[in-house]
Amino acid sequence: MTLLSIEGLGISFGGLKAVNDVSFSVKPGEIVSVIGPNGAGKTTLFNMISGVYQPGSGKVILNGEDVTAMSPHLLARRGMCRTFQNLQVFQSMTVLENTIAGYHLQESGHVLSDLLNLPASRRRAREAEAGARELLKRVGLERAAEREAGSLSYGSLKRLEIARAMALKPKVLLLDEPAAGCNAVETEEIDHLIAEIAASGVAILLVEHDMKMVMRISNHIVVLDHGEKIAEGDPASVSQNPAVIAAYLGAENAAG
Amino acid sequence: MSELLQFLLSGVTVGAVYALVALGFTIIYNASDVVNFAQGEFVMLGGMITVAAYAAGAPLPLAALVAIAVTAALGVAMNKLAIEPARGAPVVSLVIITIGASIFIRGAAQLIFGKQIHTYPAFSGDDPIRILGATILPQSLWVIAGSVAVFIGLWLFFTRTLLGRAVLATSNNRLAAQLVGINTTFVMTLSFALSAGIGALAGVLVTPITMTSYDVGLAFALKGFAAAMLGGMGNPKGALVGGFLLGLLEGLTAGYISSQYKDAAAFIVILAVLFFLPQGLFGRKSTDRV
Amino acid sequence: MRMTPKNATLLALAILIALSPIFFPSSFYYRVGALIFVNALAVTGIVILTGWAGQISLGHAGFAGIGAYACALAPVHLGLHPALAVLLGALISAVLAWLVGRPILRLKGYYLAVASLGMGILISMVLNNERDLTRGPDGIDVPELGLRALLKDAGLDLSNGQFWYFFCGIVLILGAWLALNLRDSATGRALRALHGSEVAAKTVGMDVARLKLQAFVISAVYASISGSLLALQNKFITPDVAGFMHSVEMVTMAVLGGVGSVAGAIFGAAVLTLLPQVLTVFAEYEQLVLGLVMVLVMIFLREGVVPSILRKIRGRGE
């Protein structure tokens, strides 16, 4: 029943092992969070899974298929999509156009038809626009649809990225710090959104620093420190795990 | 055998010039992440201004010095007027700006100096020197020696002087350099002045051999860029090696394949490097952080 | 017909083309108009490639050269009718763009600029050096298209200038229509998306490499047909059509008018084509002015003239 399986993933940058032999899996409808002190390698791990970096070792198995090091656009076709910690929004396009971009796979591949504005192209465009407006309603951005994306607040842009990712109807959704920079109200909204998405059967892999949120919504937690997995389990057991506490306290001690 | 040597010697001569142009690209690229397409025009100006000053009656060494100084000042002006105002602009904009600047300089040169070909006497005469059955012009020796001297001088500057190390620090990490008190604006100005001056020197040295006119800059820019890329953009050692390698390649192409298409050698090098060895001989591979 | 921005632009263009001749002081202006349309066509291709997809090319005049010389050589050496020669030129340009584009579009920024520049110069070099075929720098005659004679037989007697003015105008409207269709379509959106963030575009399933190639090939065809029309109306062509300066002119026209705007392409082409006609002394100053325009527009008016004006108008309207 495993949808996404990470096996022994590792990568080095110039001699430094940023991630070393990390393994875990995610089932449909499950919310798995990856946590760890700053610099633990969480985003690097994400980048490897989502095809942005090429892993030095290990495998990524999606739906039984080895998709290691596959380019992001091929992963999208296979049902994996992600959002970005530092927001990769199409700044000069409107909020609506950003979301419609998520419909690309359903609309695309027809350059000649697009050049000639054939009825098929127009129909696909209408369907994409209708679907996009629905998604914007779901994330609470429907009134911002015609605004330029670059003019939105940080929290709104986070929700926009989720809407865009949802347009792909993914089977696996990777969320890179979805609540970062959001206030308490926004965090709770994103909370609900994530739970709703998981309830519809999507497997969710989450990187997040907001511990309350993580403990609240995760089914399963993986803890990284210095690029290695030091603990794994449900929220209750992880929060009491001495190694985890030491890793976070150690980070605090070093800082102060 | 002597034929091969002839091609090699002419190749080494142009290679020395390309190495200097490549060095100019490298210095500005290191200081500002900008590839300055006007680099070739600095070479042209070096030769042209020397011609003008010499024709006005100045002794050759003084004319050359004036040319280098004026071109260096122009480099600084270009930085202040065209590049600084566009800090942070997307790469497409910067490309268009530096190309626009180079065309502007070329247009100005056309108006001031006309379209004819100009030259001035070689520094130590025109009698070819015989080496193992091949000949080399004394001016070629000036070019090669001058090029090597510049590289050595710059190496000493960057590794032995405080100012030179400040320049290196700035190119490594501008913000960090500012935080430790380095005047990065001055470093940028210095980099452009240095780069333009080196380009001008190359022009000064090579004009008695190749002659000069208002439009020779483009070819130098492209070949210098090819050499810098071959060596690894941003690496001075690479600029030296890349320049001489490209020169040799061009000389051999002119000799054995076709002198009409010798200029194509540079473009083929560019394309080959871009496809097979994008970081050049001495460059580092980089990953984009997301 | 709904008055969408696209239809408004096309309608305005058609009206401009149809009514301008009323104001022409002499029939010489038909030739100038035709030249503007030819340039605008090539620049529309640049808008697609550079404005929307964000890929810079400094060698696109090479494709114009291929289109032009196809019209000069194919009728003579292959027995093709000049109209077919135009299609042949476009086909060769498309294939070359596809072959060259695949590797070089992996590059970014300066590297892409120089690679494209190198490609353009290589084409220009071949046209200059292969004198046996192309007559080299002196230029070569181009056979008559024959369409004007056909129209005359059918009862429509136009002067040479008038014919080319309206013919190029119609081709431009067609080219603008295709480009505007593209902009509002999924492919157009995808091009603008990859310009905004390649990694995000890939994440939503866009095959970025394929999209860039499509933009490159389409813009190459625009440049090729532009070159063909130039050769056919002048009945003569030199290798300068493929030269670096011509590539730079195309980019400058795009940048001046607004590199992301089809209307801007037409504006930029109009201004920079008219300037040499208006200032006869301009020829000497051309490079100076072109260079200055490029630098100043990029620093002060980065979006270009047309989008900036539209922004001001919309700003006051709200």
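Going by the order they are written in, the chains are A, B and C; count residues from 1 in each one.
Here is the rule we use: contacts are C-beta pairs under 8 Å (C-beta built on N, C-alpha and C of every residue); 3 or more make two chains touch, one makes a residue touch a chain.
What you see is a predicted model; the values in this text were computed from it and never measured.
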Per-chain Cα centre nearest the global Cα centre, belonging to chain: C
Centroid-based (C-alpha) most distant chain relative to chain C: A
Distance from chain C to chain B - Cα centre to Cα centre, in angstrom: 33
Length of the line joining the C-alpha centres of chain A and chain B, rounded to whole Å: 47
Approximate Å spacing (C-alpha centroids) for the pair chain A, chain C: 42
Where chain C touches two or more other chains, by residue: 199
Where chain A touches two or more other chains, by residue: 52, 84, 88
Sites on chain B at which at least two other chains make contact: 290
Complex contact set, residues of chain B against chain C: 35, 82, 85-86, 89-93, 95-97, 99-108, 110-111, 218, 222, 225, 229, 260-261, 263-264, 266-267, 270-271, 274-275, 278, 288, 290
Complex contact set, residues of chain C against chain B: 50, 54, 56, 58, 103-104, 107-111, 113-115, 117-119, 121-122, 125, 129, 199, 244, 248, 251-252, 255, 284-295, 298-299, 302
Contacting residues of chain A [partner chain C, same complex]: 50-52, 71-73, 76-77, 81-82, 84, 88-93, 97, 100-105, 107-108, 110-111, 114-117, 121, 124-125, 128, 164-165, 167-168
Chain C to chain A touching residues, read off their complex: 178, 181-182, 184-190, 192-193, 196-197, 199-208, 214, 218
